[in-house]
């Protein structure tokens, strides 16, 4: 029996998550329901897109991902099911999947047509659970919907590259549990545009000229421990999801603060990478 | 093997929830433990009652619900187990189940008599886990307790109806993850008393004369999207649990605010429905 | 198939927890993954130690506990796996296990040697998941690491006892969901040093001369309910984990406050027990 995951903005206090799990287990005793996140900011398509993209890749083939963010069905927010790399995604066509489908083509997309017409403000329970259980039982997507070719794109997940190809203007798409600030600039785009050139990363008044691969690469382990003052140092890093991130070493949002609070970086703020001509580098 | 659910005010940081799950799995390897909520406000019987009522209905027959809210056993807070619609509830007799038993008669109630006399401040681990595992194995309630006929009632979950039957005075019993404000007035009571008459709903200085069934029923989809200004509009709605709710369209408590913060509605505030004589309606 | 538990400071919003679960289920379909806590304060070894100690004891033999707190591997933070009472712990050697190994000798400790050398900032996914699945399949610790004899000790979990053996100076190591303040003084140490003598517990300006075993032992059930004013009364108690705790009866941190906020007790504040000579007691 495959896994069904849940990614929602329901929070974990209300009865919604429990209700959805109960409904799934009522239909399918043997399925495994796994929470990805229920703490998405209400209606935040971008957060959901980022979290889902980085979680789903670790799941086994056949996994079914229900996304309950901005999921009230309407004329303009149609329920879809999508198959990609042998996994399944059930959500509304509101852009949530565009971060996943940017680099990988879906194998199949359907617009779900089995939603009941009964008036009810909690349709994920009715429609998405039914679709997930149908897929878990081995059912075909064509049975619960009609094939479509395109889904809505989310533009803010794409950084802008200038005509001279020496600048990437990205923006903050996510702030994590440690206050680290994550941009929409991936390592792939960085390498492709940068071609090994020197660079500077600029965000507000802060500048970075080096990108780390591990947080503790900032530590000089040769120095005696008691002399180091690394906690709270800021750094640029390609995080484990391969996005360019502005971080603070060993930060704590609730006490000393993190990159977001201490550097004043918020959702949608700019993070710019400027590549430097080899000549320029030599001169300086 | 049946499902055992947990509804508590333990929070998810402390070791309590993990400890309870470990103890259950130690007794019964094959059971499925499902979290309903651990974020109930400390000792809040009303919140627990509302959440449990709306979650349990979705679970399969045979499910066992442990409620760890106000669950320190004392002379005045006796542990009970209750069977209703083929599901089981284990909690203290503090009113938590009175929202569920208001409309449905329990099949059986016992006062639990197997609690160990050892002094310990975390009795849910000792007593409730043992009872849940006993039931999960197919054991009879009579083995772990003695039959009783009544449980404690919680009065604040009942709205007041005036003698003329043209007014329902309800109150706020729950505020959800989106800041939506939920009253104790159910759609059933509303229909029964209202008999199709026009009405006005009053809470603080706000008045509503229409009740929606879906949040986005407030949107006029014929208008071009860029001209609409629906976000933050307030509305009255029968929510998916069939309670009258004051909501804000696409609200976010952490940023712009929700119905609770923007309209200043708190737990226990009044929400009144006044039905209008057909004659009055015609006149106005 | 054994249980794999997770204790981390990842929070539940980000994709990290979902990613770890997906990776485990990808390797081992039939394992059960149980959350102990993901709300550990970032990098707090002490909190993790306290929560883990109190949770693990309830789990069945063979359970495998992954601890993702301060878990970025470095020269000074080596990954280890430890077997104790037939359960397994996988974490970095940063002191987290010293609360568990204080009273119980580990059966085996290895320094993990299979971490991949690839640069990546989220090593728990790579290394710890691999080790956990290896153990879950029945693999030997020696296969994934080399035997070591000692692990790092955490000193702040030990209270200080004076030379005259009439005083224990402890400190606050944890504040729970209800705002209760937990010291590092265990009931065992208290009994061993106190030898039945009278005592006073002092913290800031507050003094306690009695220790309860249940929160509601503070209530005088003979008095009529409406005359009692027990809510918010402060008390000293040996909590269910057998640590000396300063609590408030039926407190709520978000509304009226709890022991931590109302008595102004913080992490690392002193809690002192002074034992009184039998002669002194008679005199007073």
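Of note:
Here the chain labels run A, B and C in written order, and each chain numbers its own residues starting at 1.
Everything that follows uses one rule, which is that a contact is a pair of C-beta atoms (placed from the backbone, for glycine too) under 8 Å apart; a residue touches a chain by one contact, two chains touch by 3 or more.
Predicted model only: the values in this text are computed from it and were never measured.
Fewest steps needed to get from subunit A to subunit C, stepping only to touching chains, is 1.
In the contact between subunit B and subunit C, the residue numbers used by both copies make up under half of all numbers at that interface.
Chain geometry summary: the mean Cα position of subunit B and that of subunit C are 32 Å apart. In subunit A, the residues touching two or more other chains are 12. Taken in their complex, subunit A has these residues touching subunit B: 9-23, 25-26, 29, 33, 41-43, 72, 74-77, 119-122, 125.
Looking at the complex, you find that subunit A touches subunit C at residues 3, 5, 7, 12, 32, 34-40, 50-60, 63, 176-178, 213-216, 219, 221, 225, 237-241, 250-255.
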